[in-house]
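Presented below are the structures under discussion, each in the form of structure tokens.
Here subunit A shows up in two complexes: once beside subunit B, once beside subunit C.
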Partner chain A sequence: MSARALMKRPAAPFVFGVACLLALIALIEVLIRAGLINPFIVPKPTEILWSFERIILEENVLPRFLLTCGEALAATLMLSVTGISLGVLLHRSRLVRLATETWIAALASAPLVLMYPLFLVIFGRSAWTIIMIAFVAALPPVILKTLEGLSGTRAVLINVGRSFKLTPSQLYWKILFPSALPTIFVGVRLGMIFALINIVGVEFLINFGGLGQLVNELSERYDLPGTYAAICFVILVSVMFFIGTERIERWLRPGT
Partner chain B sequence: MAQTGHLTGVPAPAAGPWLSPVTRLRVAILLTLLVTWEAVAASGILLREVVPSVVVIGRSLAELLFHPDLKWPVDIGMGGLRFAQQLWVPAFYWHLYVTVMEVATALVIGGFAGLAVGLALGANPFLSKAFERYLYYLGPTPKIVFFPVMIMWFGVGPESKIAMGTLSCFFPIVLSAASGMRQIEGVLIRVGRSFRLNTWQMVTKIYLPAMREPIVNGVRLGMGVAMIGTLLAETKLSNKGVGFMIIDAYNTFDMPRMYAVLLTLFVVAIGANALVGRASRG
Partner chain C sequence: MPTAEPILVVENIVKRFETQDGVLTAVDDVSFNVMPGEFLSVIGPSGCGKSTLFNVMGGLLDGYEGRVMVGGDTVRGPHASVGMIFQEESTFPWRTVVDNVAFPLEIAGMAKTERIERARHFIDLVGLDGFERRYPAELSGGMRQRVSMARTLASEPKILLMDEPFAALDEQTRLLLGDKVLQIQEELKQTTLLITHNLTEAVQLSDRILVMTYRPGRTKRIVEIKLPRPRTSEVVGSDDFGRYGAQIWAELREEASKGLQDDESRVARDGGRRA
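Moving on, here comes the complex of A and B:
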């Protein structure tokens, strides 16, 4: 079979991508072994691979992973309850919406995570600092997406509800909320991703908690293969989290 | 909004003779926040050092912005004229200058790299299928965990902060550019080809003008994350920049100063974001 025909196969791009990645890793290994890359700056990929076992067994990766997940879950629960409630409030009161929507959008673009020293003073060096900063930094997208979902309900659905003489409460629970649910989930998913990023980031910065602290500790010990392996682990967790929430979103929004 | 606006039962706010209802509500919200803050500060429910009076924060803000406490050498040469002086300025502006330069450099490097890779991925479906998934998945990972690696590669100076900013802004820009490239109308590309434009002319005359909006949106997102990446790196390990000022205020427990720096930083960040947003519309 010719190379051109092989490239036209559906799996060819995936195989090519993986092959390039493996080739790059092999090239780095060769360059380090040849002394062209300083091994005290970039450890050998094989060393990183072997140190995975060490960090899993010796550095309590599982409890750290569970701690980070617990913090993310707590932040997500707070985000969902507060963000969706505020979104509903803004949708119900047009005046409040007009007065505050631009402020919330502006807050979404502000680097709120920089307030972590302030939260350290208020909550101390504890998991609450991490949860609260994740909550505050990830709240605006949940509010804005809830508002977008509720506002985007098709008029025909609302008119059907009215023709059945639904009360305002019934209209909300039977029509508006189910219709807005997929968009609200997009907001919650964005919030969860922001929360996870901020949680791992603040864990790293204040050297407290789960996976972020692991990266910081290993780097402070100058355990280079361990640091790289821990970073790979954080990436792996983020990717799994991202794919998992994406699957749920697709299930909620078929056809997107 | 228009479809469901009548559900709320609140009439559209009309502009009054003096202040519209929206402005009145905004003023009321701000006043409520200020009064609540001041009441908490005066009551001492929370430590007075943690929740200082608004007046104390205002004084600190004024000192931050107007009290000249740093000698900044200025050397400007133009033709035969040369201006070399040491000016007394508030130290905040020097730290802001350091951070702005780091973020701007990061944005230029990450922006060009992101644009080049995005154009390549957008133009070639095979490359897009092969590599875009990795960029898509690496995009939402917390970049700050790469900071120890950046310190090893680029040292403890501004270079590692620039690298953090570059790494942060690369992903939103590359994904926006690739997606924007795919959305270009086929007719524009065919027109370019019918004029026998070469690759460079296609990029500058067809692709980039047609992709202005997604690129500016990518830059807007990239600027936000580059700012966060750079500032967080400054709080972790630096002796200059606005991030350093924040962590320095924390270390010396100078809370009014921390509030003042955070407030100013948020205003700068929101303003910069709004400016880039306006560029995408206008």
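Moving on, here comes the complex of A and C:
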């Protein structure tokens, strides 16, 4: 089979992506071995690879991974339900939108993670503190993108609905909402990124379980390969959630 | 064939809009009737209020003077007897062809099996059989407009309103889709009102053509098209077609020129403001 025919296969982009990643890792390995990158800042990829076994067996990475996943899942579910509902409220009420939109946008860029002592006082040193900080910090993009998606529904689709005498509720569920879903999912993914950053950050700060705590412990011990291996697990959580939301989006809104 | 009672009555419609430059009268005292089974086209230059009239008749626009009656009922909003096909692409991208066409039946509460069966009938009617499970993104512009047409026909309206449905398509596709419209109209005896600025399309399809003046939109003349039915796009090559085309263009030319001059003076004025 020719190279051109291979590139046309459906799996080609995935294979190409993995090949690029492996090539980059190999390049870093070569640059470290050649002394061009300081191994005390970036450990050799082969050392990171060998450290996986150690952090899985000795550092209890699986329960920590599951805890971070659980926190991320709880925060994502909460921010999806609340964020989308608030976005719908802002779309329906012009007064509420005009009164709050700027504040919500400002909140999106505020470093809410610094308020962790307040959350500790309210929720105690528990997973709920982490989930609630992630939820609050990740809410604005979901609200704003929901509003953007609903407001961006093409007027002609609304007119089609009106011409078929849809009730306001039918218009929302049959036309506005499915039309807005791609933009809403952009918001949910953005929210998820914000949530995961905050989850790992607060786990790191308050030293409470999860992958963030593991990264903290390993870096304190100056176990660089182990630290990078733990970071790989954080990336794995992010990838899993991205794939999950993509699947849900395709299921809810096929044809795109 | 047309009977004595009109199915659509448009009486003294006046529609004004508030604009930055003051009040703009888009439609001024337009009246006409449409008989059951008749195909009437409303033609006029861009900006003559054709689409405003379309929205008034479809019940999507209020705040106008005059009255629109459908089968004896005064229109006060979207009416179950009026089906609308829009100029812009209006299929639902998240629904397959069959689900798009079944949409009005789903809203009406019809059982799934029955509505899918009925949707298939209308898909066949517009010549899209075999594409039922495709999504709009997989279809051409002409096919998507046929999906919109099938969806509106599935609601079985007494009057079909079409606002330049083929405006975005090339001339050849437009002529061929005109054949499809003629065939459907022949089969369903569908009362149809077409808003268009395309002279060929209007003569090819219509029993009568209402020519509108440029801003404010008024009735300039109603021309009866006595070309034989059933028709196909082959009619465009006939001498009679040429004569009707010339006659309507004679009426339309002056109005189109006014529109062009108006556009040019507006651009010159706005350009002067910017300078």
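Observations on the structure shown:
We take it that the second predicted complex is superposed on the first by the 173 of 256 C-alpha atoms of A that agree within 3 Å, B and C clash if a C-alpha of one lies under 4 Å from a C-alpha of the other, contacts with A are read in each partner's own complex, and residues count from 1 in each chain.
Everything below uses one rule, namely that a residue touches a chain if its C-beta (ideal position, glycine included) is under 8 Å from a C-beta of that chain, and two chains touch if they have at least 3 such contacts.
Just so you know, these numbers come straight off a predicted model, no measurement behind them.
In the overlay built on the shared chain, the residue A:Ala5 is in contact with neither subunit B nor subunit C.
When the two complexes are overlaid on their common chain A, residue A:Val239 makes contact with subunit B while staying clear of subunit C.
Of the two partner chains placed by the overlay, only subunit B lies in contact with A:Pro13; subunit C stays clear of it. In the superposition on chain A, contact is made by A:Gln170 with subunit C only, not with subunit B. More residues of subunit A lie in contact with B than with the other chain of the pair subunit B and subunit C. In the superposed pair of complexes, A:Leu181 makes contact with subunit C only, with no contact to subunit B. Contacts of A:Ala34 after superposition on the shared chain: neither subunit B nor subunit C is touched. Looking at the shared chain after the overlay, A:Arg154 reaches both subunit B and subunit C.
Residues 154 of subunit A lie at the contact with subunit B in one complex and at the contact with subunit C in the other. Of all residues in subunit A, only 154, 156-157, 159-160, 162-166, 170, 174-175, 178-179, 181, 253-256 touch subunit C in the complex they form.
Interface residues of subunit A, counted against subunit B in their complex, comprise 7, 12-14, 16-17, 20-21, 41-42, 91-96, 98-100, 106, 109-111, 113-118, 120-122, 150-155, 158, 168, 171, 176, 193, 196-198, 200-201, 204-205, 212, 215-216, 219, 224, 227-228, 230-231, 234-235, 238-239, 242-243.
Listed in rising order, the residues of subunit B touching subunit A in the complex are 1, 3-5, 7-8, 10, 12-13, 21-22, 25-26, 29, 46, 50, 126-131, 133-134, 137-138, 140-142, 144-149, 151-153, 224, 227-228, 231-232, 235-236, 243, 246-247, 249-250, 253, 255, 258-259, 262, 265-266, 269-270, 273-274. By the touch rule above, subunit C contacts subunit A in their complex via residues 58-60, 77-78, 80, 82-84, 86, 88-90, 92-96, 103-104, 107, 135-137, 152, 155.
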